[in-house]
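Given below, in the form of structure tokens, are the structures.
Next, two complexes with chain A in common: one pairs it with chain B, the other with chain C.
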Partner chain A sequence: MIQIDSVEKQQHRKLIVTWSITFLLLFPILIILGLLMRLNQGEWMKLNIDTFYALMTLHGLGMAGLLFSLALAALHYLIGTRYARLSVKTGYFVYFLVLIGVVGLLIATLIGKFGAGWYLLYPLPFKGGSWASWSTGLSIVSLIILGVAWLIGSAHVVYALAKEYGGFTKLIGWQYLGKEEPKEELPAIVLITTISLVPGIMSFLAGAVFLIMNLLQFFEPGLSFDPLLLKNLVFFFGHTLVNITMYCGVGWVYTLLPEFTGREWKVNKVLVYSWNATFFFILFAYFHHLYMDFVQPLPFQYAGQIASYFSTVPATAITMFGVIVQFYHSRVKWSIIPTAFLLGTAGWAIGGFAAVVDSTISINKVLHNTLWVPAHFHTYMLMGVVLFIFGFLYYLVYTNQKQRIDENARFGFWLFVFGAYGFLLMFYLGGMHSVPRRFSDYGGIAITSTHEMGAFLARSAAVCVGLLLLGLLMMYGSLFAKLLKKHEPE
Partner chain B sequence: MSRSILLFTIQDYAALASLVGALIVVSVVLFLVVTSSTEEEKHAAKEKVYKARGRYFFGLVGVVVVVLFMSLRLLPYPSFQAEADEVVTVVGMQWAWKMATGVTDKTPAEFAGSNEITLPVNKSIRFMVTSADVNHNFAIYNSSGVLVTQTQAMPQYYNELRYDFTEKGDYEILCLEYCGMAHPYMVGKIHVE
Partner chain C sequence: MHKRIKDSALLLTIGVLFFVFSFPMNDWFSLTMPRHQVLQLPAMFTLGIALAILFKKVNIHAISWGIAVLIMVMTSLIFWMLPRSIDLTIVYPWFNRVMHVTMLMAGFFTITVWRNIIFEIKITFPGMVAAMVLATGLALRTFTILLCSSFTLEQQKETGLYLIVIGFVLFVFMLTILFRELGRAKKEE
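Right after this comes the complex of A and B.
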């Protein structure tokens, strides 16, 4: 624990408030892009096909980027005000770099109609696209800027922690593996932040290689790279980014939840083993994105399923049982924050289970790239990460008692959760009925039942998104005003 | 493979397993909410949960190992499949499928094939799947709208997909990898007789 003065604390607070407001403004806009996609698939509105795919690209890139950026900012705030001296200036530098990247992507997708999808599967950005050629270049450069921002932000946090706690091995808790009790206690958030951000840094470097190869291709169209190699690079980058966003959220749940349940959540030997194992599962699980590439070396296919299956052991036996210990007979007051953390963990478990089912190669053969895929990752992100984020945002603005009397916010919260699960259910039913993902509409499918089922589920999902947005609006009423107040809640 | 009460698809089993998983999670959440109204001394509560966790840990590891052992023997890859009776070359291109029986010596761009093909029932078919431009995904749907198998169509590589059509009828080919504007209209047909 570090001691910092109130001025520095206020500076950190200003930075996280800036991030939070940015998040709260962009999040519903990105949801509306998704809503437009579902309305088009449901045949309730008619978007141009190039507009649909530009919106799909912006929705995917925007959500993945925004959620990770906010998660990183939340860790920067909590660590910077409690555990290690972090530079507020670096925090703002990262913020502005992210903004530049976002503006670039907005121009590329909304004006240039760039629509290669959020993982830019090589060589799609360069072949047969209806988007402007410059928008491909701008998207690649914007993504490089985002990658550099995340790399700087993550490296800064890990470096500062290593300096504070006496080296990298201390951050990953190896001092707990000896016979003697360590002299200095390691906060769980420090361990989890390191285990999340280090694979993150590795994946950003892989992403940089991927993006630079794409940039070379952009300037020299005669070049040709190995599409399987680039597929591995982009999925290592994309999967890891999304995966560690969840683990960053878990990091602050370990720190903040005990303040509400009154039960400490300390690092011990079991926790260290568990999170060290998670480090490897994060690195190897991405192979499950390439099961349908039959030419991928067989050991990688095995590694994908084995890592995906075994990642359930630390996630459930350690973290989720840890959450159970926190709540079981605790007399916790059910304000929004502990509720969001408990439901967020549940969403992680539900989405995670559906993901593990899909990570079985022989099942993936009939679920891959159907709506089952957005079903599980939207569960994991929307009912996992986003709930952790709302828990954190309410932590910034409310005292525990005040949250319990804000009926509007509570009602909005529950409306958001029910709307979200309705929306998710339509994806799962779509996957169960083999409805393909990433179809702007289902009019080209000759099988009438698949076409009709796809359109019906999309319409139902759109209605649920309406409820979800209404809930969000109700929560915003209290969040916005209080975030803009100058001081922390007493 | 029609959808009836007696004959479930793999998708049905996946959905059922996920539903059971979700119900277990919801039950745990409700249990925690109900039990949270009374207080128990934290060490006693911890001990009870940790005891359950020990059993859960060994149970889960056991289940993971058994399911891995069983499922990793049922892979769709060529080395796990028997010899095929017939070979079909498939080339994906923006935005059409080209199919013809036999192995080709032509490049994917030069390869001439049709987006409709007739194949025999109850024979093992080996599809040699590639692409002339970007990544596509060769996905076969039966007439009830059930996705029965798939593989990626990737430029510079041939993916070998084996499938035995055990029922006569028309099967639809959809592209399941986003490949640009007309992706949802990139279709083909297999007549099985």
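Right after this comes the complex of A and C.
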């Protein structure tokens, strides 16, 4: 086991505190953008159409980028202080690159009103008349900068692990597949980090091709690319990014949860098989985003359904089982940290199940353009990834015992969860009632019942977001104070 | 002594090839777009690589300098792929020779940086170049307007196809480096 001195640990801590504060500042702002959208859909306020789509774009790009960036930073911290030697300088380099990219996106969407949505569906970025042309170029360049930052950050973490654990095949646990017991134990976080970040590296490069093509189009409007090719590229990039964000979070649950339950959570053959399935199938799962594109070759559509099942079901099932075994009769002292990990896993299961349902071709035909889609990915992200992140942030600043006496934070946490599930429920009900997604408001829907149901659910969702924000505020008081406090080295 | 003769012979070969590609064969290379973009430009880059292999002691160790040099290499690659630059290289042979020297230096400096650069950049640089070449190839394939007045639309599309192939090769090269380096990685003592 590698020995990391306290000075280096302190440096890593400073870096993760910087990341955490940035996250805590940006996260509620991005939630408020979502709240404004729901208020507009609920007809409680009136946003211009261009403002609505600019907010939607920033909300989508911002949340996906912010959550992945923090997930990567948390892995950088946990691995850099426990399992392998990571460079703090590289960590700051990635941080500043991400910051530049985020500032670029803020300017493009809030000033330039860029509103093509998070995946810049080609050729929409160049056809929209409501945003300034420069904002398209700035968004593309900002996303390229973000992609480079994530690429460098991911490569850095994976390479450091490969050096520590003796090569790629050992990182993905193949030494467990033989008859003999491996000489050196592989921590689960190392396996899951590799399974997440290596496909991530591949997807970032697909994203780079997509973005450079868009950049060429920006400079030469006479160009006309194949929209299907670009849609495939952007979903390979975007879907993989969102997927691996969750897996990064799952990685630290495998490492941190045993500290609370007092039970080991070791890598074994079944775990290796299930996560290796994810490693392979995650690359092809994105095809399920293109079911509605009838020109996509048919075998790819079937591959999309099969890969969606195999990339999620084995790893999810084995992790759920592991989490249950961890908690069952463990006499865990419940604080926000283990609660967040348990509820986060539940959110992953619920959102994941809704996602698998949606990736089934016969069901997708009905649900594809309804609010069911934002319902599933919001569950997965808000009640999965975000809870893992809050569990991690509390782990960073509190001992379990001290956290248990912070009543305000605990109440805030439950209010946050309650508000969030209320908000998600409105999305699911919207999906059930065929309320369409991506509509700025429902005034134009000719079917009165759908229009009224959509607006009513949006208003209810806005109330729930209010509760969620209140809960967040209560958690913030203690989190900020603790994060900003000077930490004594161990 | 034997090594010195071998090195001198290699240096001479590089010099002769550079001269042949840049002067007697320049008209032949400039005749079609694929020859100019897919043969002459990479040939000069490859000669630069060969030159760097010869001068093993010339190395750039500092990571910051290495990154700066690779950005310069990438910028020069972009510059010499711009339609206006390509047109000028065909109209003015001296301008084409500026391209030859630049590519020779680009190849040379890429290797002097490559020997010592960190893994992260070893993945990012070829990855981004592959992405750029693929995107350019796809753009040339789909564009129905002539970009370089010195060539024809058919040649433009043909060049696009070759660039897509080169882009894929570079992408596979990047993946090879990724998995090879991860496979070979060992703990630093």
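To be clear about the criterion, the second predicted complex is superposed on the first by the 482 of 490 C-alpha atoms of A that agree within 3 Å, B and C clash if a C-alpha of one lies under 4 Å from a C-alpha of the other, contacts with A are read in each partner's own complex, and residues count from 1 in each chain.
What we mean here is this: a residue touches a chain if its C-beta (ideal position, glycine included) is under 8 Å from a C-beta of that chain, and two chains touch if they have at least 3 such contacts.
As the structure is a computational prediction, the values presented were derived from the model and not from experiment.
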Chain B versus chain C as contact partner of A:H433, first or second or both or neither: first
Chain B versus chain C as contact partner of A:D226, first or second or both or neither: both
First (chain B), second (chain C), both or neither touched by A:M213: second
In the superposition, chain B vs chain C on chain A residues touched: B
Chain B versus chain C as contact partner of A:D293, first or second or both or neither: first
Touched partner set for A:V366, first chain B, second chain C, both or neither: first
First, second, both or neither for A:T90, with chain B first and chain C second: second
Contacts of A:V325 with chain B and chain C, given as first, second, both or neither: first
Which superposed partner A:T169 touches (first chain B, second chain C, both, neither): second
Contacts of A:F281 with chain B and chain C, given as first, second, both or neither: neither
Chain C-contacting residues of chain A that also contact chain B: 226
Chain A to chain C touching residues, read off their complex: 85, 90, 148, 151-152, 155-156, 158-159, 162-164, 166-169, 171, 198, 201-202, 204-205, 208-209, 212-213, 215-216, 220, 222-226, 229
Complex contact set, residues of chain A against chain B: 49-50, 53, 115-117, 121, 123-124, 127-130, 226-228, 231, 262-263, 292-295, 298, 301-302, 305-306, 309-310, 312-313, 316-317, 321, 324-325, 327-332, 334, 342-343, 346, 349-350, 353-354, 357-358, 360-363, 365-370, 372, 428, 431-434, 436-447, 449-450, 453
Chain A-facing residues of chain C, complex: 119-121, 123-124, 127-128, 130-132, 134-136, 138-139, 142-145, 171, 174-175, 178-179, 181-188
Partner chain A, residues of chain B touching it in the complex: 9-12, 14-15, 17-18, 21-22, 25-26, 28-29, 32-33, 35-40, 42, 45-46, 48-50, 52-53, 56-57, 60-61, 64, 67-68, 71-72, 74-79, 94, 133-135, 137, 139, 141, 143-152, 154-161, 172, 174, 176-187, 189
